[in-house]
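Both complexes below contain chain A, partnered by chain B and then by chain C.
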Partner chain A sequence: MKRSAGFLLCLPAMALLALGFLWPFTVLIRMSLNRTDDGGTLVPDLSLATYGKLAADSFTWSMTADSVRLSAIAASLALLLGYPMALVLFRSRSRFRGVLAVAAVAPLLVSGTARVIGWLAILGDGGLINGAFAAVGLPRLALINNWTGVQIGLTESVMPYAVLALLAGFGRLDRRLEEAAATLGARPLVTFWTVTLPLTLPAAIGAWLLAFLLGVSAFITPKLMGGGRVFVLATEIYDAAMQTLDWPAAAALSVYVLALLVVVLLAQAALSRRLA
Partner chain B sequence: MKVTTVLATFGYLFLLSPLAVVTILSFSSDPYLIFPPPGVSLRWYVALLGSQPVLQAAGKSVLLALLVTSLAVLAGFPAALAIARGMVPSWVGGLLALPLLLPTLVIGLALLMVLQPLGLLATWPGLALGHLMVVLPFVVRLLTTALASLPASLEDAAATLGAGPLRAFLLVTLPLAAPGAVAAATLSFLLSFDETVISLFLVGPRLTTLPVTLFHYAETRVDPMLAALAVSLIVLTLAIVLLVDRIVGLTRVLGRA
Partner chain C sequence: MPYLQLEHLTRSFGNSVAVRDLSLGIERGGLVALLGPSGCGKTTTLRMVAGLEQPDGGRILVGGRDVTRLPPYRRRMGVVFQSYALFPHLTVLSNVAFGLRMQDVRGVERRRRAAVALEMVGLGAHAGKRPAQLSGGQQQRVAVARALAIEPDVLLLDEPLSALDAKLREELRIEMRALQRRVGATAVFVTHDQAEALAMSDFVAVMHDGVIAQLGTPEDVFERPATPFVAEFVGRSARLIGTVEAGGVRAGPALLRAATVPVSGRVRAFVRPHRIRLLDAAGIADNMLDGVVTAIDYTGEVVQIVVETELGRVPVDIPATQEGWRGLQPGARVRVGWAAADTLCFAA
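Let's turn to the complex of A and B:
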């Protein structure tokens, strides 16, 4: 009785989920089993032909390598930049702690496009950096519409998530352990290396992984900051769906990216089991 | 200790510099995004208010966000109640969080493939359904947390004092859950209002949203009007967050979830 009432209460939400997620996702997987002929028209099929075509295309593999490298570097930089921020936030007893915490996650509340426009204003030809360079007579640097720009923008866009993941994982860090190390004569760097870092390593791994997964799925930053010259898996899915209108290819690439993300998650799970 | 502070400051500078620079350049008098701006003017904000496509898209985005928020709270509240009271097995909560696991790009593409044959692209139901896939998991999660933290003994007390289940729910549970519901609704509005990627697949000339207009504009050219639009969005978002925080303690409610 109670259980059926519970399911009744969940019915509207479940119906929306089925309509907007489960059904479309099934259609997407089914679509990846169709194929397009040489003229680009969709041919109903039930084969792995589209996957075969993608696997035979060296562009798929170079794009995969580029996406993985871009996201791995962005995740590492976000971790390096975000770790001290999370540490300061975690330890802070200041009355400005709330403001600092909000400032760290504020970019999450701001549209991704607005942040990209900020980066274009900093990195563009007439932007902050090149303006400063020109003022002191240095040559102009190409910082947008290329990999450098996308790398910088992507790092910033995954950083708030890395900070949040670090903060959530810092619960294991007991202040008294660091104080004990200092009392026993360890200098700050030694304390950090032998106490703080090992205790926060699981949080750091989790934060890196989250940033990496978000980096691979990111679309707005590579699309807008790459200026049509940077090709990653996400932009290719969009272009296949919206420009070349090759839906089977877009669907198969999506399934491929999801498989990639699952493999990374499984690898992390195996790794953390070995560490534990 | 000092080293950490310096490094953290560097992190903050990196993270917040795009927001700072876009704000400065939105007041530029120059037609290009040049730093430092040669002069200060409000001309791009004036141009924004005179731009028909921007104003229309803004109106549509507000309406869509209100529609999505109403639907998300109407569908999410009963589900959250069932989950918080343990009336359904725990996998139901996991199932409702499922869309969070997929990149929004894939959700948008999948919806395109379903809605296009039905002629539902660039329609209110189509876009609302897309936005709900992003919004609903958060709303259910926040409301579940809010409802689970209410002591069940209060309803028992109401029952002891003679209130029926419905009366107890309306007079005790609902008012106590209100701050959580307001926080969930606010987050829902902001998520829908800023949603870009799913919308990109589902809009059309008939119906488009402000973030999509901003995105396509940024694809073709970047001028201070774009910066002014970005800053307007940022200010609007911050104003809503601060206002709701004042009323119900948004950060406190969000911090618990």
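Let's turn to the complex of A and C:
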């Protein structure tokens, strides 16, 4: 195919990107350069005043740390739980492989809101777990409307993506390599550490990163499972935009989150280059 | 007693039997080729010997010791895979040293022995590279070095050459055979390429449908095939069909003479192309057929001529150094002939 033809085929997607991302993003940046006065009124401007206000607010930094910690733990747990599942799925030659693969990503077929409501029924005060605990005389656990609840919900919601990313990245893993290791005297656990894990490490890093990015931008889970007590960057942006109607603040915060994610992506790219 | 002994090995996958009651013994230092078409069970047999596949029944003995239930990592067998199976994340030297690392051979000694193995296959200069930076032939040499570095009692080669091009295949085949002799490993070599099997091994086991159709020296298998399958699979032939009658085999208008024929009934007869000659006007042979030349293929060493006769297509191989084929054109009428001893007959 000629280069010009390839370029033409990319045009629709590029047009969509320009319309759906670049244009709103431009508007977003423009908005973040406005500011609000003390009464909360929008003042058209071309300054970094809003950014300055955010940077000076210690709440921005503590919230950033909370968001990053929450997402990093969710991504790590999702990877820890999803890795064995992805490995089994990848290797399985069973006729139930298709069923298992669908089951692994089935949560994606349900809307986020519905899933959160499901969690409420499980983790709530009168829910499945606390009901069972009460039945055997154990004390009640606070599993919802707090950080623990959000952590559980967020982990579950990013895990299917982690599994999918792992499955897609396992291409380099060839069963023959593990067999070769075995014939050379490596026990199964040694084979895992010396062959399987190094070969799947790039996929694991990619999966972790995807889960982390989705975690940072997740909004529904922290909003609904945090019970108004959990403040993360995504919920703060929503509140600023929809409740306090401080649009410049919401825009500046969005740009800040985007910059944060770009930094993480660049770090991952550098790490992958060193591993390759 | 053979060093490597397979006794009544059987393995099924679902409803299909891959290997059926297979027994085979290999003397210490010997090389046996398992030759057969895909799906004949040769790779499954090799994988059972390596411990990568569990037999449903039967035993595998190495030096009199039963290893059937041992996992692969306790068998000390060097395996070379068709796909090389080199570890892409390790250097060439680390690949070769992998087995030694598993045996807890320490730093300097490990590197020295890996370097020796790598030197054996002529790749000492590439120790620091990654497998992906090497050509296919070089990668397979590394795989051979890796298998030999653990000083295995048994060397298992699973179609090690089939991913390489023809010239390299021949080169590496000779090298691998020399290495195997030098280290004195008892070897099993799986291949679907009959030329490779004949050239490399002490014995060839021709496999068909999970059983050994014939076990013999390369010459046995080629010149004295035990079954029609072996005759057809190993080498090319003129294939003739007839009925036993006094004095030979009646095939159409011709009476074919053979050294031995079944007592009665339908017969399938095979004649190797290199046993068939083009007869001149005064020439005479036990068996003679008239026909028309349909193809003349010059391959360098031999000239392969196809003659269409009333009994069917007869391939004739003539050494290129003989003059008989010069001036021959497709469409020429010729007479082909061969000795009675060269007609191989099987009851159909």
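Going forward, the second predicted complex is superposed on the first by the 254 of 276 C-alpha atoms of A that agree within 3 Å, B and C clash if a C-alpha of one lies under 4 Å from a C-alpha of the other, contacts with A are read in each partner's own complex, and residues count from 1 in each chain.
Here, a contact is a pair of C-beta atoms (placed from the backbone, for glycine too) under 8 Å apart; a residue touches a chain by one contact, two chains touch by 3 or more.
As the structure is a prediction and not an experimental result, all values here were calculated from the model.
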Review point. Of the two partner chains, chain B (first) and chain C (second), which one does A:Val190 touch, if any: first, second, both, or neither?
Key: second
Review point. So, A:Leu87: does it touch chain B (first), chain C (second), both, or neither?
Key: first
Check your understanding: A:Leu199 contacts which: chain B (first), chain C (second), both, neither?
Key -> second
Review point. Looking at the overlay, what does A:Ala168 touch: chain B (first), chain C (second), both, or neither?
Key: neither
Review point. Now for A:Ala180: first (chain B), second (chain C), both, or neither, which partner does it touch?
Key: second
Review point. Between chain B and chain C, which makes contact with more of the residues in chain A?
Key: B
Practice item. Give one of first, second, both or neither to describe whether A:Ala106 is in contact with chain B, with chain C, with both, or with none. Key: first
Review point. Which chain A residues lie in the overlap of the chain B contact set and the chain C contact set?
Key: none
Review point. For chain A, which residues count as touching chain C in their complex?
Key: 172, 174, 176-177, 179-187, 190, 194-195, 198-199
Revision key, fill the gap. Within their complex, chain A touches chain B through residues 2-3, 5-7, 9-10, 12-17, 19-21, 23-25, 27-28, 31, 81-82, 84-85, 87-88, 98, 100, 102-104, 106-107, 109-122, 124, 126-128, 131, 155-156, 159-160, 188, 216-217, 219-220, 223-224, 234, 237-238, 241-242, 247, 250-251, 254, 257-258
Study note, to complete from the structure: Given the complex, residues on chain B that touch chain A span 1, 3-5, 7-8, 10-12, 14-22, 25, 32-36, 71, 74-76, 78-79, 81-83, 85, 87-88, 92, 95-96, 98-99, 102-107, 109-114, 129-130, 132-133, 136, 140, 190, 194, 196-197, 200-201, 211, 214-215, 218-219, 222, 226-227, 230-231, 233-234, 237-238, 241, 251
Review point. Of all residues in chain C, which touch chain A in the complex?
Key: 50-52, 71-79, 81, 83, 85-89, 98-99, 102-103, 146-147, 150, 156
